[in-house]
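Each structure below appears as structure tokens.
Consider the two complexes below, in which chain A is the common component and chain B and chain C are the respective partners.
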Partner chain A sequence: MSALLRRLIALAITLWAVHLTTFLLLRAAKGGPFDEARSLPPEVEVQLRAEFHLDDPLLQQYLRALVGALRGDFGPSLRYREVRVTEILGDALPVSLGLGLGALVLALLLGIPAGLYAALAQRGPVDGLIRALATLLLSVPNFVIAGLAIAWFSFGLGWFPPAGGHGLSSFVLPCICLALPTAAQLTRLSRSAALEVIDGEGPRAALARGLEPNQVRSQHVLKPALAPILAFLGPTSAALLTGSLVIEQVFALPGLGTHFVQAALNRDYTLAVGITVCYTALLGALTLLADWAMSRVDPRVEALSG
Partner chain B sequence: MMLALPRRWSTRLALSFLLVLSMLAVVAPWLPLADPAAIAPQDRLQNPAWIDGPVLGTDAKGRDLLARVIYGARISLAVGLLGSLVAILIGLPYGALAGMRGGRTDRLLMRIADFLEGIPLAVVIVFLLSVLQAYRGELAAIGLGRIHVFFLAVGMLFWLPTARIARAEALRLSKMPFVEAAQTAGLGSWGLMCQHYLPNLLPSALVMLGLTLPRVVLMEAFLSFLGLGVEAPNVSWGLLAADGLAAMNPLVDSGYLLGIPAAFLALTLLSLNLIADAARDRISGVRRN
Partner chain C sequence: MAYAPNAPELAVEALRTERPDAFAPAPQFATTFLRFRVNQPPFDDIETRRAFAAAIDPEALAVALGEVRTAAWHLVPPSTPEWEPPPVPPWRWQQDRLTTAQEKNRWEYLYNSSELNRSVAEVLQAQWRAALGVEVALTNQEWKSFLAAQRGLEYQVSRSSWIGDYLDPISFLEIFQSDAGNNRTGWKDKVFDKLIDQARGEPQAEVRRLFLYEAERRLLDQAVIVPLYHEVSLELIDPRIEGLHRNLRGYVDWGRLRWKPEADT
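Let's turn to the complex of A and B:
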């Protein structure tokens, strides 16, 4: 069985387990989505519960949800009754994907060069500066960065809108705020990965064979250092997902994170289950992609393609 | 050796800062502070002392920010410490078992860990906390407040890395002569675990604590910010920062409401991260500068 197939099966099992767990967790929650502040007349609630099959046996409810989920249909949102969860996901996913991918690219573009540069400038003042900056950035929660960014760039300078998902300009600040802590993490990681290689035998042997220092840097330092950085992309994507929960909230972007937190607070079962499954699939896909990239860079890693 | 004073001045500074802060947090009830929860509308949004007003000013409901920051330290640090302990209490035995048994047990336990790594755990925790919200009555009846549930939830989130460290360490121990000798002499698994593995894993538990603390403190801030963590009348830095962010608008200059708790949070996390770095250096055995 090819490695890729094995990974896909594992991902499918993970998705199923997440679906089951979230489904059971929410069914275990006392009180339904319909007992909010203003209580409904009993007849209406009975009718609503029937409409959403909330009084069927648990197994039957679960099977219905599972079959629906397999077809990509998570049922109607319990909160916004006219709308199907899949529609909300369809609207929210592009927002979150745009934000997440933008932040990922930004973090990679900032973090990896900074870390590699620091490693090559070992012990110099530049190295110290980059490391201090990375440690500092890692210590500021992203919602604080977001608050400061809004205060300066939106309220102060008026360069970017403080909230809302309209147009590219409203994505600039969220992307930066989401990317910065991750960039700091990547900086530290790529620095230590490159140092590991530099301290090893490879580059010295290459120099001894008479290769140019620049050639050694690109072929014998940068390339082998990439593997551990790529290995970290899975956890990085997880961190970005987590971070986006808050960043979307702060900037009022209508993405998965905002919907998820609202759904969790409102006990909108179907929507919350749908978003969790969606998040898990995203994380799985990104991890798979990262591992595939790693197998291209590092021949010792089992190739996913073959 | 493990407890020797750190060599780097930055780590020492970080340690001192945390010590002072923890002491302030512990003795907060006996300090001459205003009541952190006392609402005084007539005193709302007073500027900090460096402009004109009480030491750190007051918030949008007239509560004294200095008192709130120090009481917030109590909760933030307690959550950090207890949450990390929960993570270690789960992760250490788990990893130790995998490393000690090796073979099939090891493969199974690590397969489970890999599986859990594929789940966006933060999302599941948000989920769990919101479900438990509905059971606060029952939980309170058995003496569990929301904050206790919170320690458990956060601990569950961060035990995986500790399990991996414990496994690597236990694997190393399993090849040590004294462990092999004990095994040959007929000591059972339970005895081996209690007499040889757990005591020898204690130093790495300290390292795990160092590595986990900053993550847990950050997570507390993050969840409280979302409205799923600490709640009024308790205060934590995450909650204060959320209040500060909510009070922010372009007309009133109330940036200090976000800035002050954020500064405390950032300084604490910076200190914890510096200590975590020192801990990481110890565990990898090499010092990179």
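Let's turn to the complex of A and C:
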């Protein structure tokens, strides 16, 4: 069996397990989707529970949910009763993906060059500055960065809107705030990865063979240093692309993260299951993609391309 | 940004004193109060309930919360049209101590997690400690768990609130009828039930009002609930905007908002 097929089967099993666990955990939580500050009239509640099959035996409810999920339909939201979960996913996923993709690109563009530059300027003042900045960005939680960014750039300078998902300009601040901690991680990682290679035997041997220093940097330092960065990028890009609960909340972006939190709080069983499965699928697919890229760069990694 | 519906709780006091031009809390047709679970110890005993109720000073609570909310002595808000509230029960000013046996009890106050509710809980805890010498444990739960606990009568005393559906006292009072879905106290009182039923069937406004007056007096005297404060809206609005009108039910007539003429700004 090819490695890729094995991984796909494992992903399918993971998805099923996540679906089952989420389903059961939500049912185990106290309170239901129709509990509100003012109780519904009993006859209305009976009707609603019947309409959404909440009084069926649990196994039957689960099988219904599973069959639906296999067809790509998670049923109607129990909170927004006219809307299907897939419609909500369809609206929210592009917002989260856009935010995540922007943040990922920004983090890569900032983090890797900064880290490599710091490694090449090892122990110099620039190296120190870059490292201090990276440590600072890693230590400050992103909701603090977000708050400051809103105070300065929205209310102070008036450059970007403070909240809401209307137009590209409203994505600038969230993207930056989401990207900065990841950029800082990438800086530290690429710096140490490059240093490990520089201090190793490869570049020295290459220099001894009479190669140009620039050639050594690109072929014997940058390329081997890329492997650990790629390994880190798999889960990180998945984490960024699946959105940020915190950043989406702070900037009031209508992405998956906001729905995810609200669905759990509202006991919106179907929506919470749908989002969790969607997250898992994204995470699995992106990890697989990153591993495939890894196998192309580092020959020691088992090839996934068959 | 010209309008924000909810100012953060921590900023309320600063906003009230420093930015009165942009912060205009308006009374809502709502009351926050405590529910006692009355069908099980320790609060099945009316004297215990009264002791805990008398220990509460809503005026001090309102001050502690930043002086934007008005202290409540009644369930039906004072803003209700054509309504005269019954007198506050006299025992609210007679602080009884608990018995030694009671002091050793385990007391627990349940509230749903929020910044404001936590402050309220801490003030109540301090007031109970000062007046009764008891240490009440504070338990908070996330909204749906809290609702399930309250509905299932899995609490001793809990934070509650009610927003009137329409501008009439019965909108607040009828929830405490024995079989009402929103009773959530275990309190079943034939006298109260009858008063509400009589009010429902009474065509004469003046007589109907008397039934409701008696009903609220009964509810407060039995110490089933303890009113805490009347909620306000915490809107922030750009001072250059005029015409923000909100009715008691909290609805804003957005069409009447206008930028003030330039000369004024």
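The definition used in the following text is that the second predicted complex is superposed on the first by the 300 of 306 C-alpha atoms of A that agree within 3 Å, B and C clash if a C-alpha of one lies under 4 Å from a C-alpha of the other, contacts with A are read in each partner's own complex, and residues count from 1 in each chain.
The definition used in the following text is that a residue touches a chain if its C-beta (ideal position, glycine included) is under 8 Å from a C-beta of that chain, and two chains touch if they have at least 3 such contacts.
Every value quoted in this text rests on a predicted model; they were computed, and no experiment measured them.
By the touch criterion defined above, A:Ala205 reaches neither chain B nor chain C. When chain B and chain C are set side by side, the one touching more residues of chain A is B.
Using the contact criterion defined above for the overlaid structures, shared-chain residue A:Leu26 touches chain B, although it does not reach chain C.
Contacts of A:Val140 after superposition: chain B is touched, whereas chain C is not reached.
Once the two complexes are laid over each other on the shared chain, residue contacts for A:Arg267 go to chain B and to chain C alike. After overlaying the two complexes on the shared chain, residue contacts for A:Val105 are found with neither chain B nor chain C. In the superposed pair of complexes, A:Leu5 makes contact with neither chain B nor chain C.
Once chain A of one complex is fitted onto chain A of the other, the partner contacts of A:Ser192 are limited to chain B, with no touch recorded for chain C. In the superposition on chain A, contact of A:Val83 is made with neither chain B nor chain C.
Touch criterion met: A:Ala238 reaches chain B, while chain C stays clear of it. Once the two complexes are overlaid on chain A, the chain A residues touched by chain B in the first and by chain C in the second are 29-31, 155, 265, 267. For chain A in complex with chain B, the residues that touch the partner chain are 10-11, 13-14, 17-18, 21-22, 25-26, 28-31, 123, 135-136, 138-141, 143-144, 146-148, 150-151, 154-155, 192, 195, 234, 238, 241-242, 245-246, 249-250, 260-261, 264-265, 267, 272, 275-276, 279-280, 283-284, 287. Looking at the complex, you find that chain B touches chain A at residues 115, 117-124, 126-131, 134-135, 214, 218, 221-222, 225-228, 238, 241-242, 244-245, 248-250, 255, 258-259, 262, 265-267, 269-270, 272-274, 277, 288-289. Partner chain C is touched in their complex by these residues of chain A: 29-32, 35-42, 155, 162-163, 265-267. Contacts from chain C toward chain A in the complex involve residues 1, 141-149, 151, 161-162, 181-182.
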